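Each structure below appears as structure tokens.
Next, two complexes with chain A in common: one pairs it with chain B, the other with chain C.
Here is the complex of A and B:
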């Protein structure tokens, strides 16, 4: 047992060491080189790196992501509840929702730029459009899957429509909405960066392109490394939040 | 489905069709008419939101039909190549990681690290390495298609019922037999779902590739129309792109699902 564990760690560490060594030695690092050396990237991540630039860009991107996510979340829940409660509306709108979902949301980026300009607004719009559908679909399915027996029972006991919503339908929505939200959190960050890559005046996508244009590849790769860390942190926070939400749910 | 309602009364097929298709058609026609009327009534410029008739006009023009046909092919070519490479490699790595604990242990940290990077941010780097054109597009598409395939394959294979595996082992099944007869058939639906996501990502990759280093395809067409502020044409492209997405996700993968079910008939 312990020999196998040692072996596994050994192989992992050795492969990682070889990869890092290749990264350090293979790129020439001179003019014309398209991959910065490892030590250059690490230097750009060190105290001498342009942390004020990185952090300002990251702040812009995160603000866009969360503002857009908030709009997409509210709209998704509202429309999801509406479509979930009315079979006629659902039949009427669902094919279009499916079709719109098949459209890659990032393809909307040029239109949002025409509508809202180069600033944060167009990115917020794009993020909202991208995050809306996962939340809408999961909310709608959650409403439609509410146990009809419980609703009939409550109706028999003369519960009002508002009471049925508050006591039966809404509590059952927490878990499905949260699973939609998990997808949308990832999408929000992605859509914000895509929007910035296509046309923007600030944010992570912009500094990536500016560094590349100025041929400062070490800084560009440093920003990519920072994105990995931010992505891991977002995933971690989501995971903790899911555990908290599931624990607070009443067990039936 | 059935032409008998819950009360047992027979309903004419025509009424059934109206009941099923009525609401979506009503919503579609209503939205188009409302949009047309509101945009005309409040004299909203076609630069902001084009009228449905303007979009229709664009879609009928010969130039557009010619351009869109070519662009759809260019984008889908990159999508297909990228999907085949990335999705295929992803399924293989997923199988490898399931079969070998060592491989799983070694590759897992890298998969997680890449998974948490918003991979679209790598588009400029791909443009730097591979320049313009088809190679850059399909490589980027392949990279995006790779990870959903790995994750789906791994999770589909690792949820195969251990009892069936143990039973077969007890009856002396070899490793290859276990994989071909039990693990793979029961993992196929999960893998196919993963590949569906992979292909959607490959399409995104092809389009982002065309946005970042424009050479051809729907992405470049969108940018061109955007620069000339031809919003009606942009909407027309988006409509076509939506149809492409539906065809790819629903029709193509519907067929793949059916074929997979036929081929891997559960014993």
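Here is the complex of A and C:
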């Protein structure tokens, strides 16, 4: 292996070793300690850890995130196409879309609990509200920015309005919509957990709060570690999907 | 009655782009254009930039309505885009998510079902355009010249009876352009289509055409029609012949004379 490769991985390895060593040695670990020692966290992540609790919570959170994302995605694409195609609708509704987007979706959490209850429904609503706008805006811009020369070309070949939509405009939306989706995937996970932290009866946000209340910091950190892994996996899947989308439907 | 139909008839054609408020004045792009194109002809329309060449082509294509006068294609008044017309624009305008064959088949899809016959025709066109082996490539994998060839194959894909070309080689370098011209001449001869080419390249027009129509500065009106006295087969070798240079000189003189004859040229150009 070349020196460069050694340097790159070597630096990472040394940094990790030092950090883990500090984590193990610096915290006192006794009663009243605010940072659990590394071995305690590892134990909470080991076979003796509360995996049934972790996984049940994670499942709830992921269901909320994906169900909400699905709703936000469909609504975002539908409204994005409508607003993109009709200047009248755009003029009438886009200011409202902007106004709603200016509102941090998390601030809706309390009212969603009143509307939809403490269960997954209110969190799904919250995720949908948070993920809708990035997809709506990118879809709308994609429609409005369709190259007019492509439309002229198809028109010259006697294409109907419906054919132009189906063969020129919609295929050109795949990449813009995917860019919006990438942002929304991150937001969906964030909104689900934040919603649970505010008020819920199940999910990752709930167990984070329960472990905090019981001062079980090893488990608290174990859950954070799991979230890191899940977050990285989501990012990885998104990246693979992006490559597949660009391969199948190149934009340029 | 068995009178021969003209491919294209332009009669008293005028087009004025409407103004908008005070900021954009109405602009007369084309004035009093009369032109008849016979089946099998290759007619080029040449003129200075902004003289309304493309406006004329768009009116033939049914993309623009004339303000006055009429456009007939195969004897029928043009009221909108027609299926028997194939068109290629300055920009190849290929769809990036489609491969070469699928881009060519777009007009066929728009007009109905993609038949085996259409697929064979496209395969033949691509072969003739030197694109055999590139059928499954995406536009971004092709050079500019190859993209324009694909655009011309697409224009011919649904077997149109009239081919309209709006400066399809305008963005290409001189060498590629020469090669494309020779290829286009061959494709025109082999398919027997009627073709109208808009260009500002005098050599290109003389090399390709059975007739060259010269347009004045805006508002564009026909100042002369020149018939290059060459057989249909045009090769690169023709470019260096003295007769060729002579015809080009004639075209240039007529275009220039048309410009000088206008006393208010400075205002008109503003």
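Some notes on this structure:
The rule is short, and it goes like this: the second predicted complex is superposed on the first by the 235 of 252 C-alpha atoms of A that agree within 3 Å, B and C clash if a C-alpha of one lies under 4 Å from a C-alpha of the other, contacts with A are read in each partner's own complex, and residues count from 1 in each chain.
Just so we're on the same page, contacts are C-beta pairs under 8 Å (C-beta built on N, C-alpha and C of every residue); 3 or more make two chains touch, one makes a residue touch a chain.
As the structure is a prediction and not an experimental result, all values here were calculated from the model.
Judged by the touch definition given at the top, the superposed model places A:153 against chain C, while chain B stays out of reach. Greater residue coverage of chain A by touch, when chain B is weighed against chain C, goes to B. Looking at the shared chain after the overlay, A:168 reaches chain C, while chain B stays out of its contact range.
Of the two partner chains placed by the overlay, only chain B lies in contact with A:208; chain C stays clear of it. Residue contacts after overlaying the shared chain place A:231 against chain B, while chain C stays out of touching range. Here chain C touches chain A in the complex through residues 61-63, 80-83, 85-87, 89, 91, 93, 95-97, 106-107, 109-111, 138, 140, 158, 164, going by the rule given at the top.
Within the complex formed with chain B, the residues of chain A that make contact are 7-8, 11-12, 15, 34, 88-89, 91-96, 98-100, 102-104, 106-111, 113-115, 189-190, 193-194, 197-198, 204-205, 208-209, 212, 217, 220, 223-224, 227-228, 231-232, 234-235. Contact residues of chain B toward chain A in the complex are 20, 23-24, 26-28, 47-48, 101-102, 105-106, 109, 112-118, 120-125, 128-129, 200, 203-204, 207-208, 211-212, 218-219, 222-223, 225-226, 229, 231, 234-235, 238, 241-242, 245-246, 248-250. Chain A contributes residues 147, 149-150, 152-159, 163, 167-168, 171-172, 174, 248-252 to its touches with chain C in the complex.
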